[in-house]
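Shared between the two complexes below is subunit A, which has subunit B as its partner in the first and subunit C in the second.
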Partner chain A sequence: MFSQGLSLDQAPPFSVILRFFLTIPLFMFLVSLAIFGMDLHGLAYWDSPKMVAIVHLLLLGVVGMAMVGALFQMLPVLAGASMKEPLFHARWIHLVMFIGTLLLTMAFYFEKFELLHPAMALLLGSLSFIVVLMLFKLLSIDNKTPSVIGMIISLNGLGFGLLFAVLVTLTFMGVDVGFLPSDLRTIHMHFMLFGWITVLIMAVAFQVIEMFYVTPSYPYIIRKWFPLILLTLLVVQFPFYIISESMVHIFDMLIGMVLFTFAVVTLRRLSQRKRPVADTTVWLWRTGLFALMVAVVLVAVMTVVDHPLLLDSAALLFGYFIISIVFAMSYKIVPFLVWFHLNAKGVLECPMMGDIIPSQYTQWHLWLHWLLLVSLFGALLFPLLWKVTALIFLMESLLYGRNLFGATKIYYTLKDKGML
Partner chain B sequence: MKDIEILKLDVRGLNHPEPLERSVQLMKQLHDTNCMHLHIHRYPQPLLMIAKRHGFRFEALENSKGEWHILFTKNQNLDLKAILQELGDV
Partner chain C sequence: MEISNFMRDEHRRCDDAFAKAEQAVNRGDFTEALKYFEEFMIDTLKHFDKEEEILFPAFEEVTGNTEGPTRVMRYEHNQARGLFEELKKAIDQSDKARFFSVADTLMILLQQHNMKEEQMLYAMCDRVLAPQAHQLVERMRTH
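After this line comes the complex of A and B, so read on.
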C-alpha cells in the first residue's frame, strides 16, 4: 500500500517544546529548596500547607510542564493536528503557568493565602485554554489512532481535574459543595494523577515504546480501551464518595488493576526488544514502571492492613514513577529534536544523537535517581533523611539541567550554520 | 531505470536512532543519477520531513508484513512508484 501522504510540515518550532522542558530542572531545584526549608515533622502530613505547596510545585512545575510540552509536540506530529501560531501560544501558556505555579506554591508554603486568587486565575486560565484548544483540534481529526484517543481522554481528565480544583478552592473558602473537603481533594488528585498524567503517559507509550525501542505493539485492546476505562472508572467513582465508601475502594482496586496491567505489559514489551541494548532510558522506564507496580500492591495491601506508612510509600512511589518517565522521555525526545531540527536546516556538522547528551551523564543521573528512591524510603523511617533526599534531588536537578541545557547549547550554536 | 543506480539500505530492527542517522548519511550521496531504497520496520515520518525540506522526492510502499520500502531521489523524472513495484518483495 502506498502511503497516503501524511502531512510532513507539522513539526512545531523547537523552542515551543524546549521552553517547557528547560523549566523542569528549575522547578526540581525549587522542590529541593522547599524540602530543605521545611520542618521535618510537617513532612509527615500530606495536608499541611507546606506539603501541599511541595506537591503542587512538583506536579505542576515539573510534571505539568513536561506534559504540556509533550502535548505541544504530539498534537501536530503524532496526531497530525496543526495549531496556528504554536510559538505564540507556547510563550504565553508557559509564562502564565510558570507564574501561576509559583504563586500557588508561595500561597501555601508561606501561608499567604491571598495569593491563591491570582494563582488560580492564571492556572485555570492557561490550563483550561489548553484543554479547549487541543480538544477542538483533536476532535476534528478523521483518523483517530489510539494515541490520539489517549490524548483526547487525557485532556478530559485534565478538565475534570481543573473542575475539582475549583471545587476544592470553593470549599477552602467555606462554600459547601456537598462533598467532604478531604474527598474533594482526593477526587481532584485522582483526576490529575490518573486521568490526565497517567493517561497521557499511556498515549505516549503506545507510540514511543514501539518506535524508540523496536518492540512489538501493545495489544490492540489495551491501546484502544485502557485510557477510556481509566477515565470512566474515575468519572463513575466520584459520586460514590457521597453514597458508599466501600464502592470507592472497589473502584480504587479496579483503577489499580488497570495501572498494574499497563506496567506489566510495558515491561514485557521492553523485554521483547529486537536488539536488547539497555540504555539509561530503558532503565528509567523499568524503574518507573516497577515503582508503579509496587505502589499498586501497597494500596491493595492497605485494604487488609491499615498503616499510614503504606499510603505514604504508595504515594511517593507513584510520584517516583511519573518523574522517572519524564526523565526517560526527555532524554529521548530532546536529543532527537536537536538532531531533527539541525538536519532539517541542513547543518552538516550536526552531531550524532548519542553525542548530544553524553551517555555518561545520563548514567550518573540514573544512579542518582536510584539513590533518591533509597533515600525516600529511608526518610519515611527516619525523617532526618528528608534533608538527604532534598540534597539528592537538588543534585539530580543540577545534572538534569546540565544535560538539557547542554543539548540546547548545541542546537543554538549550530542552528544558523545550515544550508537551508 | 537501467541508468539509475540504486543504493540499498536495510535498517529493519535497528534501535532508534540508528535507522534515521544511517538514512540521513546515505541521503547525502544522492544526486540525479541514483536513488536510495530504504527498507525499514516502520513509517519514518521525521526522516521524510527532513527529506522534504532538502528537496528530495520520495515514494513509500508498505508490504504485507507492515514494513516499508521507500525510494528517495533528487531526479525529478523518475517514476518512483514503478521502480518500487519492480523491486519486488513489496
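After this line comes the complex of A and C, so read on.
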C-alpha cells in the first residue's frame, strides 16, 4: 500500500545497496584476470568452457550484482513497496549469489564440473527467491506505474532465464528435453540479456533519465508497452526454435527493432536535457546506447552477409552497452545516497556529490572505458590484443573500485558525526 | 486530475528557471545566474508552502494520516531548503565547481521528490480530495 511505502523508516539502509555495488569492481578484477589467463585460441569460441566461465562471471558478478542491488533500492523508493528486514535478505542473497557465481565460474574455467551442482543450487536458490519475493511485493501495489510494471516484467524475464538455465544444465547432463542444446543456450541467453537485464534497464531509464538530467519523459506508449512487448516476443519466439528457424529470425529482428528504438529515444531524451552540463554519466549513457545501436545493426547485417566477426562484435558491443549503463547509474546513485543518508543523519558540512566522487576520477574512468572499446575491436582482429584488453579492464576495475570505496569511506567516516 | 496537473506545471516551471541559472553559471555569468536562481528559489519555496499549508493538511485531514507520505515530503522540503543556502553561497563566491556539485545534489533530490509526488501523492490527492479539488487549486493559485 502507498501509505506504508513512502515512509522514511522504510528507505533501505545504505549498506543494503552498497554491498551489491562494492562487489562489482571485485568481479571486474576477476574477469580481467580470467581473460588474461586464457589461451588466445579459446577466446574465439563462445561455447568453450573458459568463455562460458567469463561470460557468467561478467553477467552474474558484475551485471547481476548491480541489477539486484538496484532492485533492492528501487522497490521501496520508486515503487513504494517496502520489504520486511531488507538487510537480512540483502545479506544472505548477496553472500549466496557471490559464492554461487564463483563456483559456477570455477566449474567452467577449470573444468571441474562437479562444482556445477552446488553452484546451480546456490544461484537458483537466491535468484528465484528474489523473483518470488519481489514479484509478491510488486504485484500487491495498487498504483502500478510503468516502472513498476517494467520491474515486474523483468523479474518474469529472470524467471524464464532461470528455467532455461535448468534445461540447459539438464541437456548438458544428457537429458533430452526436445530442444537442441545450442538452441536452449540461445533461449536462456536471450531471456537473461533482453527479458531480464534490458527490461530492467528500461524500467530504470524511464525514471532516472528524467530525474538525473531533467528531460521530458519518455512517450507514454514506450513506457507502458516496451517491456511487455520485449518479453512477449521472447516468450512467443522460443517454441519456434523447434518449428521454424526463419520465424526465429523474424522475432530476432523485431526484438532488435525494440532495442534500437529504445536507444534512439533515450539518446534523443539526453539531447533534450534542460541541464547544460554533459557530465561523465551522460557520456556513459550515450556510449552504451550507441554500442547497443551498432550491435543491433550488425545483427541485421548478418541476415545479408554472414561473417563470424559480425556476431562476435555484436555480442561484445551488447556487453559493453550493459556495463556502460551500470557505471553511468552507479556514479549518480552512490554519491547521491551518500549525501542523502549523511544529510538524514544531520551531518553538518555534509559533502556534496562532487566531493564524494570527484568528477576528475569519473572522467578518467570514461577515457579508460573508451579505450576498452578500441582494444576490444583490436582484439577481434589481432587476438594478442586480448592481453591489452584484460589490462585495460583491470585498470578500469581498480579506478571504479577506488571511486566507490572512496565514497563508502566518506560515508563511514562521517555517519556517526551527525546530530540526529 | 486537477490537482496533479496544477502541481506538475509548477514543478516544470521551477525546473525551467533552474536550468537557466545553470546555463548562466556554465557561461560564467554569475549576475544572470543569481537572477534566475532567486526566481527559482522563490517559486520553489512558494510551492513548498502551498503544499505544506494547503494541500498536505487537506490530505492529512481526509486520510487521518500525518505520519505517512506527507511527513516524508515535508522532510525532503527541509533538505532542499538547506541546499538553497549552499547554492546561494556558491553563486556569491562565483565558484563554478562548487555550484555544480551542489546543483547536482539538489536536482536529484528535487526530481526524485517531484516524481514521488506526481506518481503517488498527487495521484492519491486527486482521488481522495476530488470533491474539494477545484477549491484547493484556487486557494493555491492565489496563495
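Here is the rule we use: the second predicted complex is superposed on the first by the 411 of 420 C-alpha atoms of A that agree within 3 Å, B and C clash if a C-alpha of one lies under 4 Å from a C-alpha of the other, contacts with A are read in each partner's own complex, and residues count from 1 in each chain.
Throughout what follows, a contact is a pair of C-beta atoms (placed from the backbone, for glycine too) under 8 Å apart; a residue touches a chain by one contact, two chains touch by 3 or more.
What you are looking at is a predicted structure, and each value in this text was computed from that prediction instead of being measured.
Peer 1: Quick check for you: in the superposed arrangement, does A:Phe212 touch first (subunit B), second (subunit C), both or neither?
Peer 2: A:Phe212 contacts both subunit B and subunit C.
Peer 1: Please indicate which partner A:Arg269 is in contact with in the superposed arrangement: first for subunit B, second for subunit C, both, or neither.
Peer 2: neither
Peer 1: So in the superposed three-chain picture, is A:Met353 touching just subunit B, just subunit C, both, or none of them (first/second/both/neither)?
Peer 2: In the superposed model, A:Met353 contacts both subunit B and subunit C.
Peer 1: Applying the touch criterion given at the start, work out whether A:Val77 contacts subunit B, subunit C, both or neither, answering first, second, both or neither.
Peer 2: Both partners, subunit B and subunit C.
Peer 1: Touching A:Asn143, do we find subunit B (first), subunit C (second), both, or neither?
Peer 2: After superposing on A, A:Asn143 lies in contact with subunit C but is clear of subunit B.
Peer 1: Could you look at A:Trp339 and tell me whether it touches subunit B, subunit C, both or neither (first, second, both, neither)?
Peer 2: In the superposition, A:Trp339 touches subunit B and subunit C alike.
Peer 1: Tell me which partner A:Val277 touches in the superposition: subunit B (first), subunit C (second), both or neither.
Peer 2: A:Val277 contacts both subunit B and subunit C.
Peer 1: Kindly list the residues of subunit A that each of subunit B and subunit C touches, one partner per complex.
Peer 2: 2-3, 6, 8, 77, 210-212, 214, 274-275, 277, 332, 336, 339-340, 343-344, 352-354
Peer 1: Can you name the residues of subunit C that touch subunit A in the complex?
Peer 2: Touch residues, subunit C against subunit A: 15-16, 18-19, 22-23, 26, 63, 65, 67-69, 71-72, 75, 79, 82, 86, 97-98, 100-102, 104-105, 107-109, 111-112, 115-116, 119-121, 123-124.
Peer 1: Would you tell me which residues of subunit B are touching subunit A in their complex?
Peer 2: Contacts found on subunit B: 13-17, 20-21, 24, 41-43, 45-46, 48-50, 52-54, 59-62, 68, 81.
Peer 1: So in the complex, which bits of subunit A are touching subunit C?
Peer 2: Contact set of subunit A toward subunit C: 2-8, 77-78, 80, 143, 145, 207, 210-212, 214, 274-277, 279, 332, 336, 339-340, 343-344, 352-355.
Peer 1: Under the stated contact criterion, what part of subunit A meets subunit B in this complex?
Peer 2: Result: residues 1-3, 6, 8-11, 77, 210-214, 273-275, 277, 332, 336, 339-340, 343-346, 352-354, 420 of subunit A touch subunit B.
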